[in-house]
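Same chain, two partners: chain A is paired with chain B first, then with chain C.
On to the complex of A and B.
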């Protein structure tokens, strides 16, 4: 009964996320066409669209990872469909509040909503829009925090603290109780998510103290640190949730033996857990009043956070597919390409997080280039792999690749073409966050137009994925399932 | 002696403030920033031109003086000339010295330039204008005529004007060389690091700054970044211990 409820709520989650994803891609296409001068939005509308696109995308793909591990955790521990429903309701309410704040209230301080901009007296939006935006974040945060803590509590009922971190594997001896990689990565990621959501709580408390009391002014540097502690960490941990699904499902779908936890897998993910929490300092390079030591920590943590997880995962996936008979399905291809996209985007991120490069690349299209690569062609594909697998699991249909190669071709051409335009823009110093490029930036508009058309191709591919998944997910509600 | 001191104090008290409405001393370095400077006609040593023709060619640093000044104008200009020689970014901008005293003639200004050995320096332009009111009000400069001393009561003011004619920086008083260097960087489009200072009304500042030594140090605000980590650690520890008891009970 519980499993059936879990399937149902997972199906609703998948459909909700994909609907919001298609809508947010459309917003992205509108913005790129505007930058390419094919459309002519008012600047306020452009930035309201940018804000909606950014927050929705980060939110839904973090939620997608939580959906995936919530469903897959039921293989190891008892999971709660109730908590998932609770988080779903809060997410939907949060999305409605967010979209109202931006499109009805014209709030357009971007996903970063860097202090003091949301509270600025000269801001071109009404105070209620700021209130609604910040409260929408509260609603998201409460839903996901309760859900994440709930999942963590369930894991801890079956595994001790040392076991969730797989420390018993670090000795090199065969442990009495093994920690599956899925439990290790889920735990590491959930702890990171809980931590960054708590950072958001502190940030929002400071915002509200200034908004609802008199005489309180916040420190801009502290607020920026908290914003990126929350935002950067959430975006990274969301990726790791997708990887947890890959570790769990990729060998299984490919007809191979499951991945095991070895000392280097345990070490790699423990390092990632620690370093990813301090990597956000690389967003503060331009804040020269930040203590110098933190800037160095930011650069080193950016290397150390990404390298262990990337190396261990790339090695594991390579050993799985190299000279091995593996059953390729659409799920596995999405996982495999998603890993490649994550690694390419990761390299772009590490290049940008190096201080000497960041001075040049900081405000260019290189930044959206790398994060769109590891999201649109990384985490999205990893989670989509899970969605595809789950939809087939719910409907009892066979997951094959044969009839879906046009979909994959569209996703590949559209996705990589789209991010390539960002990289080319970044490499030629086209600035980011411009609604319209001034005349002096010759490359900006044509690259934006090309990117928009590639995104249209990607959108068509996603629509095809969506239609297949929705047909299968609805089977979860049929009495026979 | 005692009586004369008392009388002097009494006279000062009765006289009241020289500028009850603030006068020249309400000069603000922020007022009028990023607004256009008045495009006034200028009489130079060699010809007559518009201010806009000057700033269209290169950014302009405008200094407002008057030649009969017995106060700040001479030390201000002397110091500025020294700083310019030391910093020396030639061909990048002009220094326009304009008299705000309607009595000053072009000959007075030429003499003033020679006094500071700047007559032959292409970077320096000494000018008068028939529309000085428009110029001074556009930069927020309010000299007050003191008939007793026969002098203008005024502050030294240096104004940075970019290639579009916008006031991008104002500096009041005789400033240190590093400030002039910063003004030059602003004019020539270089990056100027600036950050709001942590005021007393700020909640939990991340750093402290001593304006005398120029030293900044990490402050208590940074400890706030440990709060989410501390709460998560306590939460995990509590859940871990609670679930251990639960597992023991179950087994």
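On to the complex of A and C.
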């Protein structure tokens, strides 16, 4: 019964996330058409759209990873459908509050809401909208924090601290109790998520202290560090949750032996945990008042975070497939292409995280270029792989890819074409987050229009995925089943 | 400093290389026999791959870190100091800490120090050349002064654009100066 409840809530999560994703892609397309001068939104409407798009996208794909591990964890430990429902309710309420603050209240301080912009005295939005926006983040945060802590607590009931980090594997000898890679990656990622959500709590408390008490002024540099520790870490940990699903499902779906934890897998993921928590400093390179040591740590952590990623995860996936007979399904193709997208986005990120490059790339379109690559063509596809597998597994439908080649082609052409326009924009010094480009930024508008059309192609592909998944989920829980 | 086009080419070559390798891996799977042994000596190959990547990253760090903007012209005395005050939605450039409404002209080939601050929210001080290529930048943060040292080799008009989102007129926040 519990398993059926878990499947049901997982299905509702999947449909909710996909509906919000389709809506947010549409917002993105509207913005790119506006930048391409095909549409003419008021600037404050454009920036309200930008804010909605950014927060919704980061939120739903972090939630998607949590949904995936919450379901798959039930193979190893007892997981709670109730906590998942709790987080779902909080997420939906948070989304309603967020969209009201931006579209009804016109709040448009972007997903970064860098202090003190939300409190700016001449802000062009309603005062209540600032409150509603910040409280929507509180609602998201409470839902996910309780959920993440709940999952971590369940893991710790079955595995000790040493075991969740797989330290017993570091000796190279066969340990008495093995840690499955899925448990290791889920634990490492959940710890990161809990830490960055706690940073968000501190950030929001500082905002509220200034808003609701008199005489308190916050420090802009500290607030910026907190913002990026929270936002950057959440986005990266979300990706690792997607990778946990790949480790768990890809060999299984492909008919191969499961991945095991070895000393280098254990070491790689422990290093990743440390590096990813300090890589956010690369967002602050252009704040020259930031202590110099942090800037160097930012580049070191950003570089070395890529080492375990490439040498452990990507190499393991390549080894799984290379000259091995795999049962290819749409699920595995999504996982496989998601890994490629993640690696390509990673290259763009490493280039940007080099301080001497960042001075000519920071806050140009190179930034959305790399994070859209490892999100839209990386994490989204990894989570979509889980969604696809779950929908077919729940409904008992065979997962093949033969009839889905057109869908995949649309996603590939649309997705990679879309991000390529961002990279070309970044290389042409086009600034990011501009409602309209100045006359001198000649490449901005044509690249934006081309990007919007590629995004339309991606949207059509995603709509086809959504329709298949919703059919399967409906079949799984129809009264006849 | 590496220019935009070089960075784009480095990225594109790496991206295509990754795609080609993974497509080859995928195709090898389609052609594999049922009892195919897969990759031979995977541990050894993984070690070499790791070592190669590690060496590449260490070399890149050694080459790029000294070129960080914090160390540029750090030991030199600037020929000119320009005080930049950013506020929603304008920049003011002055030779003193007081506001100035005169056109700013700066010498080519000499160290200029920009002391960049903000009156209200975070802004970005992005300096573009007359072809609208981003040359250098720093942030303007309330309560802090960011000091950017730069030598302009090419004379001409330089445009300043805001490179940190600061509100509804962010995209029209601009200014300019001339280098002779």
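Simple rule for what comes next: the second predicted complex is superposed on the first by the 477 of 481 C-alpha atoms of A that agree within 3 Å, B and C clash if a C-alpha of one lies under 4 Å from a C-alpha of the other, contacts with A are read in each partner's own complex, and residues count from 1 in each chain.
The working rule: a contact is a pair of C-beta atoms (placed from the backbone, for glycine too) under 8 Å apart; a residue touches a chain by one contact, two chains touch by 3 or more.
Predicted, not measured: the structure shown is a model, and the values here were computed from it.
Novice: Determine, under the contact definition given at the top, whether A:323 touches first (chain B), second (chain C), both, or neither.
Specialist: second
Novice: Which partner chains sit in contact with A:127 here, chain B, chain C, both or neither? Use first/second/both/neither.
Specialist: A:127: touches no partner chain.
Novice: Under the stated touch criterion, which partner chain does A:191 make contact with: chain B (first), chain C (second), both, or neither?
Specialist: A:191 contacts chain B only, not chain C.
Novice: Who does A:202 touch here: chain B (first), chain C (second), both, or neither?
Specialist: first
Novice: Just chain B (first), just chain C (second), both, or neither: which does A:152 touch?
Specialist: first
Novice: Quick check on the superposed pair: does A:220 touch chain B, chain C, both, or neither? Answer first, second, both or neither.
Specialist: A:220 contacts both chain B and chain C.
Novice: Quick one: classify A:467 as touching chain B (first), chain C (second), both or neither.
Specialist: Once the two structures are laid over each other on A, A:467 reaches no partner at all.
Novice: Would you sort A:104 into first (chain B), second (chain C), both or neither based on which partner it touches?
Specialist: Neither: A:104 stays clear of chain B and chain C.
Novice: Could you tell me if A:287 is touching chain B, chain C, both of them or neither one (first, second, both, neither)?
Specialist: It touches chain B and chain C both.
Novice: Comparing chain C with chain B, which touches more residues belonging to chain A?
Specialist: Of chain B and chain C, more residues of chain A lie in contact with C.
Novice: Identify the residues of chain A that lie in both the chain B contact region and the chain C contact region.
Specialist: Of chain A, residues 219-221, 287-289 contact chain B in one complex and chain C in the other.
Novice: For the complex, give me every residue of chain B touching chain A.
Specialist: 193, 195-196, 198-199, 201-207, 209, 216, 218, 221-222, 224-225, 227-229, 231-232, 235-237, 239-240, 243-244, 246-247
Novice: Which bits of chain C are touching chain A when the two form their complex?
Specialist: 1-5, 7-8, 10-12, 14-15, 18-19, 21-22, 25-26, 28-30, 32-34, 36-39, 42, 46, 49-50, 53-54, 57, 60-61, 64-65, 67-70, 88, 120-122, 124, 126, 128, 132-139, 141-148, 159, 161-172, 174
Novice: So in the complex, the part of chain A that touches chain B is made up of which residues?
Specialist: 149, 152-153, 156-158, 160-161, 191, 194-196, 198-199, 201-202, 206, 209-210, 215-222, 225-226, 229, 277, 287-291
Novice: Flag every residue of chain A that touches chain C in the complex, lowest number first.
Specialist: Residues of chain A touching chain C: 43-44, 47, 108-110, 112, 114, 116-117, 120, 122-124, 219-221, 224, 264, 286-289, 292, 295-296, 299-300, 303-304, 306-307, 310-311, 315, 318-319, 321-326, 328, 336, 339-340, 343-344, 347-348, 351, 354-357, 359-364, 423-424, 426-429, 431, 433-438, 440-442.
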